[in-house]
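To keep things simple, chains are lettered A, B and C as they appear, and every chain counts its residues starting from 1.
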Amino acid sequence: MDRKRVPGPELSVAPLVEYPVDHKRWTPYGETRHDAKRQPEDMRPIYLKTGLINQANGSAYIELEKTKLACGVYGPRPIKRTGQGFSGKGVLNCEIKFATFSCAKRRSNMRDPQEKELSLIVTQALTPAVRLELLPKSAIDVYITVLESDGWGSCLSAAITCASAALAHAGIEMLDLVAGCSASYISNVPESSSSSTSGSSSIPPQIYMDADLEEEKYEQGAIVLAYMPSLNEVTHVLQSGKAESTTISQSVEHCVEACNKIYAVMHHALLESINESKNNSL
Amino acid sequence: MPSLISPAERDYILKGVECNIRADGRQRPDYREVILETGVVSQTSGSARVRIAGGTDVLVSVKAEIGPVQVDPETGDGADKGQIICSVECAPSASQQFEGRGADDLNNEITQMMSRILCNNTTSSYTSTAASTTGSSTTASRQSSGPGGINLQKLCIIPGQQCWILYIDALILDYGGNLMDAIFMGTRAAIFDTRIPKTEVQDLGDGQFEFEVLDDAEDTDPVEGREDMPICITLNKIGACHIVDASPLEELCTEARLVVAVNRSGQLCGLQKGQEGGIEPSLLLEMIQFGKTMGQTLIKQLDTKIKAEADADLAKRQRGEPVHKLGFFAQ
Amino acid sequence: MSRVELLSPEGLRIDGRRPAELRKITSTTAVLSQADGSAYLEHGNTKVLAAVYGPREARHRALVLHDRAIINVEFNVAPFSTGERRRRTKNDKRLLEMASFVKQTFEPVVVTTLYARSQIDIYLQIIQHDGGTLQACINAATMALIDAGIAMTDYVCACTAGWVEREAAIDLNHIEESSDTSEVTVAMLPKSGKITLMQMESRLHVDKLEEVLSLAGEGCKQMHVVMDKTIRDRAEDLAAKMAV
């Protein structure tokens, strides 16, 4: 028996929440989004600031209303194990971790397979942008912590945006900043009782940019896109759920536009941090 | 097999792809020959083996077992649905780099991709031996058939209590490039081959139910919604062009890889980019279109073959002849 | 649970075999494209795939021997191989034990002194499990090693034998294994008759031991005939292709 720890009960269940009778759950069949101020093509306002973590070479903190993430970048530093042999390029390691309190249901503090996959996705999204051939035998470690998650798609896209801002703040040479954004396909028409397996309603679903948690519950599909605006290159795309190809082409275009806007925000935040450090050193 | 490629070979493949000639004589949109056989493992509810000429060998099995329903505590969803749990394993015999823990990352990546495309939720849960089910707290889709097409409500036995759980296990025996396509083709064939026993539910009154599994080998149900299962096409971007069905050397040269999952009616069920390179948006849309058309053609051909095999087997059984499966003895 | 009759009054076993009869064995080699040598063996309903890589550079420098090759064995059991689906971790104690048995079986037979400072990897994949996995794995590994062209002093043929009710029987299937029978796995070199592995986990009366062992030896000789035929057929096939 393990006497050093006092473990909680083996099986614990979240309490059932009873909403008051007049509580109205949001549904997409109405006219507005969950956040009534937004239109379907609007993103949530972004707050991005670098320089949060002093010990890291570079860091950034991003908030998309309720989604909050912090990112720290350490590097370039020497690779610990040279098991893979010499390679002329550096290595980018990303690790994303959800804090245990970040989601509605408590997450375990060990890395689960979903986090490992998200880490791989973030690595794949950032690697085309970083000039790794200038850093042989070095590793760049990017650690992302999700403090509060409001929508899986927005979490992932915020992670990509935040990580590239942190990389820029660390002074690592990159080809371009990577902006990430997400969109969901939600049908405004309530599902008919006879759900035919082949082909859903002929009305194409509405594309909602940057869907939050409540809206994601009704989604038929989602897409997350990471994009480098100056080079006009998509570094990562991930789509799930069923959708027609026209919907996907449309959403890719919308996402590219949104990424351009996010790019401007990232620029602004980085310029501000440079000005601040200039003022501090004077 | 190679995890390194020399610059000369890389250049050779790159220039070849530009001229529409690949190392083994194929053109860019050409697929290698595929050998497919169902019903190869006898203790499962359904199984299939896919072999792509040039080396990739994948064995997919579907086992139907009875278990408790998983109910989402917030929305109460899931009480009337069955479950699908996928898992992928790369055997160390497949390639040198899969020894010991080397295959863990690849297993995880492919499993998550499979779960995303076949199961019902975008943040999928994956049962591993180390941790118990990591519940997906954020989404609960409200449809009876998710992107995988399979009708989960038909898999429920007693709403709120027991349901069928389909375990889809893929075993990669040999690696010759293009794993995702082989796995999905095998999964589709295995699901077509799957037979779920019928159950008889007795109402004992007072909300109590009892059920019994009918043990009749002839009287079984196929899986509902299996025609809508997607398959995937992997497109590899080399240089400025894209190829289909890459060999291991070509995979080492790819800058970016796009996995397009498409179903029978042309809807896209999943899209994921891999590898460490970028794609232009216009090229991206073009690749998606290409993948979609190719996928639909492939589904049609696959279905005709599977149906032909099933019909031949049925005819043999009715004549009283034993049905021999070639399994590994197929060349 | 009703008592299953393992041996009928006429002397037939549960699947209709005589006590000294082996199950149907089919095998083929060179099934995998990446491995240096591979073999697939079907022993009744037990299906095993063996892949051999080597001799190649050792993975861990620390384990290298200066005058010999090291043999590394890894087992992998598919989750659908047994009646109920069960995932097994890589570090399952039982699998590690079986892997070490296989390693000890082959160490005296493979001429390791020819391949100093290198490593020979044997990967065994169990696709279907119906009793007698260890014997099937050893047989498949032998054929895979021969297919890879690794020097060996002789074939290694393995067979299980046990005492089923009143008689000694060979090649026990899953139902016989799980009931209260004692089972011995014997691996021997057919030319010399030497035994490289003998493993038993249950209880067997010492008076019956000799009969069981001699029956196992007979079974191994029968296995040798089957394996030899497969290898020779394949060699003839290759020779015919090269002659053109």
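We adopt the following convention: a residue touches a chain if its C-beta (ideal position, glycine included) is under 8 Å from a C-beta of that chain, and two chains touch if they have at least 3 such contacts.
Chain by chain, the UniProt names read as follows: A = Exosome complex component MTR3; B = Ribosomal RNA-processing protein 42; C = Ribosomal RNA-processing protein 41.
All values derive from a computational prediction rather than experimental measurement.
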{"item": "Those chains which touch subunit B and also touch subunit A", "value": "none"}
{"item": "Identity of the chain that, by mean CA position, is farthest from subunit A", "value": "C"}
{"item": "Between subunit A and subunit B, centroid-to-centroid distance (C-alpha), Å", "value": "27"}
{"item": "Rounded Å distance, subunit B centre to subunit C centre (Cα mean)", "value": "32"}
{"item": "Between subunit A and subunit C, centroid-to-centroid distance (C-alpha), Å", "value": "51"}
{"item": "Residues of subunit B whose C-beta touches two or more other chains", "value": "128, 130"}
{"item": "Residues on subunit C engaged by subunit B in the complex (per definition of touch)", "value": "26, 28, 31-35, 38, 40, 42, 45, 47, 49-51, 53, 56, 59, 74, 76, 78-85, 87-90, 121, 123, 125, 127-128"}
{"item": "Touch list for subunit B against partner subunit A, complex", "value": "73-75, 105, 108-109, 111-112, 116-117, 122-126, 128, 130-131, 134-147, 149, 151, 225, 227-228, 258, 263-281, 284-285, 288-289, 292"}
{"item": "Subunit B - residues contacting subunit C, complex", "value": "1, 41-44, 47, 54-55, 57, 59, 61, 63, 65, 87, 89, 91-96, 99-101, 128-130, 167, 169, 171, 173-176, 327-329"}
{"item": "Subunit A - residues contacting subunit B, complex", "value": "13-14, 16-17, 103-105, 107-108, 110, 112-114, 116-117, 120, 123-124, 127-129, 149, 151-153, 191, 195, 197-199, 213, 216-223, 227-228, 231-245, 248-249, 252-253, 256"}
